[in-house]
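Pasting the structures here.
Look for subunit A in each of the two complexes below; its partner is subunit B in the first and subunit C in the second.
So, the complex of A and B:
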């Protein structure tokens, strides 16, 4: 159906078209359809919701919040508006209010895996690992192949164990939802955690091509590009093994320099000390500069 | 058909009710981020185990897990008092004879970093959680400087008492 068909159309057709466009992420076209529809049917809660959702998807959170609040004042029980409201609050760091909305949603929709995943993600973003795990588990009990619950469970596996690439949740997610962006994101995180930053970068870049407006993906690609830059090679042990490597390198250096002070000629010992100091300064400053430049 | 196990539904309801209790927003709610591993590393390196424990226990307080992590404080005290007592009771003469003067600085750093390794082991899940979700830690400067100053003050005080 075309949005510029002549004459008035019925509300259901407009809503259907707008919904289909939003699902295909054709937000500019969807916005035109929705605004035309709202001129004809200003009371349509579905069109109001889609308008707010488009604002949210196009990174206009203030407009989305205004739209969703207006909609909720007319239809306080609108499911989509409430979930969108929770996400907007979460992004705006109004975490207490976001939690209240998720809990109210779960009381009204006790079997909604979407709500379990949404609330679980809020818990994970506030470092409540155990509660997030239980919420993901509960969501998966209702809907065992739910993509967002699997993503949540896979991320928890990765947090608990960096070798979580073997996580059954991640495997199930990749098997059941190979096209899902979050499957690719979880896989990229798993690859990076297991030391394969180049593989993770390839996946993240591919996902970014599909979602060029996602700030999280841009940040992920930037971080992975910095980590795979040739000038970061001397920091490979720290990138690969994290703080454990940083501790070991520091211990080896301070003990080694101490031994060198006694066993080596002073000029050589002094040179080694300067090399070590240079390495420390490089490890502190270079990754930050590189991230800014990329 | 086999009868339903008694209490199963009730148990599930209890689990659900528990899950639907608000976690954020109370006066005793945990903070939503902790001081970074870098803050702990630097504090431990420059201020020794006591400074490292200060950062670790502040993080434990923010995570509302002081009940689990309080032994880190005891471990830090033991890792400071024990070597210092040994140092002032014959250890210094012995180790300086083998490793030369100034070795106490190296020992101090080694102890600090070893302590940080223990702390990192305890809190690594939270650090990874913050990394994967891009959570911003609070600025570590005020706490880090305070912890290092406190750690050095404790060391000087202990040295004065034990020497």
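So, the complex of A and C:
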């Protein structure tokens, strides 16, 4: 508190302000605060990390990568910088290198659920489902209510059993983190997978209201809007039961048309064949066109 | 200096809200000629207890020793209005001297006809009026009806069971004049204007930010009628569901308590807020009785853009400019974008001047060329708003945005 310690106190205040601005996603203001802070405290690793993070959040991956590498050359053990480095590598499709960073992090922080979740999500992206599941489980063993681990586990449950089997992880996530965006997204995915597209749409729209600048959420809502459009009603069996429904419909149609050829007047049989062909063309083209128009 | 510095610092570390101890520490620093450090302590003390007269006097003493006489005088004048004020000899003497130097200054003006003694006009703070804002006539009419008249004629509106005061949230793309409108509202309401930004509130120490926020509300209540304006309210009232830290949530809780006015009275305090990210504002803040009225501030219309071009070119050498043509070339441009465009045109002219040594004013072609290089910064915002209106099935709060998007074929 003395004048000698004025510096550190000011640094703490600047870091606090920058953190608060980053949390509120006011990146332009945060950038000003961080650059002002770095002028006074060029050695502050926390400010350097925040500068790199702001670049990452503002979609400037090259600048973020440069910043994070510079920081890691000074402070190779900086936790935030290492996780950010892993994220940047993942986004840059350098998956092997990203995996190496996550493994290093897990070696240094063997009880960090964040690291298990981060590594697990990388494994999920590369479709190593069993490994992702085990990583999520291990993360949950250390931190049973960790939101990202629960999300990861719920997603794996849904991938393995898309027909709406009860996911305990999803239930736990909804119970423990009801306000978490990922809870809502996971629920929307689960509802959609179980055929309740309208419910999924309502939830996805609610999440989009909170984050209207998320392209992933916009895409999800567009897809669900297309799925629930009235003109998609004739495709309900295919939407609900997927390929098995398509195969059954095709078989029934072929058999029906064959029987119809013999049993019905030729004009009616021909009309039914055209209707069937129309349905096939419609089922292939209409959903794509609709998605584009919505 | 009976207590040692270490004792005082140790005491403050264990009890940082002990005002009496902090006062002693600040006094110790002042006596030890550590004026800047002392001022910092007095400022903390003022934030902790804004009604502490001795802290204001202490800050004034520190400022005086730092050579900031005007600021010192302001602190001391404020201290005089607080209970428990005790005059300070050095500051009294300084104020007396200042008063002498601030007496109306007289000068002899050589007008050519006769020597006349005139009083020089004291510079007054320029206040923005609605007439100073170009275009946006519909918006101004809405604000007059929804905000200004209920505030000026509460009796008339009370007959129709409409209340003055309460909160109004202005939202729209950045750089489109939300802050200017808030200032104009204060002027039209003939009220004091207190503007609060995130840096006025955020503080490192736990509980301090909430106290700062409460102090801002108190300040507004003491200066009623008053317009209390929160710029970028999404920073202070950030949605708690998205916040990671408990600190952020506590600020929102305090904000809600202050808006509801528990144990206090927010009558004659019009609370305005502006944001360009209304979706990040905590939904509890938008409920009735808080910021229930939400007004969309769109990018300036064509007439407004033409007027802004004229304003930005005033006093700058230019030749045969047709502002309407420039306005037509710049759809969705914000006021800030138009300023950027004029600045770019200036650069072109100066560049030419330096290269060819030919002096000329800004021409229509320069502005047209600049218009091709500058993009409307509002488009990003409008695209996001489109997601909200078109896909998210947004509620009535965004109906004005929906209408704007439809009118401008952006929906």
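Keep in mind that, in the parts below, the second predicted complex is superposed on the first by the 282 of 294 C-alpha atoms of A that agree within 3 Å, B and C clash if a C-alpha of one lies under 4 Å from a C-alpha of the other, contacts with A are read in each partner's own complex, and residues count from 1 in each chain.
The rule is simple: a residue touches a chain if its C-beta (ideal position, glycine included) is under 8 Å from a C-beta of that chain, and two chains touch if they have at least 3 such contacts.
Since this is a predicted model, take the numbers as computed values, not measurements.
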item	value
Which superposed partner A:268 touches (first subunit B, second subunit C, both, neither)	neither
First (subunit B), second (subunit C), both or neither touched by A:289	neither
Partner chain(s) touched by A:62 [first = subunit B, second = subunit C, both, neither]	neither
Which of subunit B and subunit C A:280 touches, first, second, both or neither	neither
Contacts of A:99 with subunit B and subunit C, given as first, second, both or neither	first
Which of subunit B and subunit C A:221 touches, first, second, both or neither	second
Partner chain in contact with A:208 - subunit B first, subunit C second, else both or neither	second
Parts of subunit A lying in touch with subunit C, wherever the complex brings them together	1-3, 6, 12-13, 16-17, 19-21, 23-26, 29, 179-181, 205-206, 208-213, 218, 221-222, 225
Footprint of subunit A on subunit B - complex, ascending	15-16, 19-20, 22-25, 30-34, 37, 41, 45, 63, 99-100, 103, 106, 109-110, 113, 116-117, 120, 124-130, 132-135
Touching residues (chain side subunit A, partner subunit B) in the complex	95-96, 99-100, 103, 106-107, 110, 123-129, 131, 134-135, 138, 155, 158-160, 162, 189, 216, 219, 243-244, 246-247, 250-251, 254-255, 258, 261-262
Subunit C to subunit A touching residues, read off their complex	5, 9, 12-13, 25, 29, 34, 36-37, 40-41, 198-199, 202-204, 232, 234-235, 238-245, 247-248, 277, 279-280, 384-385, 387-388, 391-394
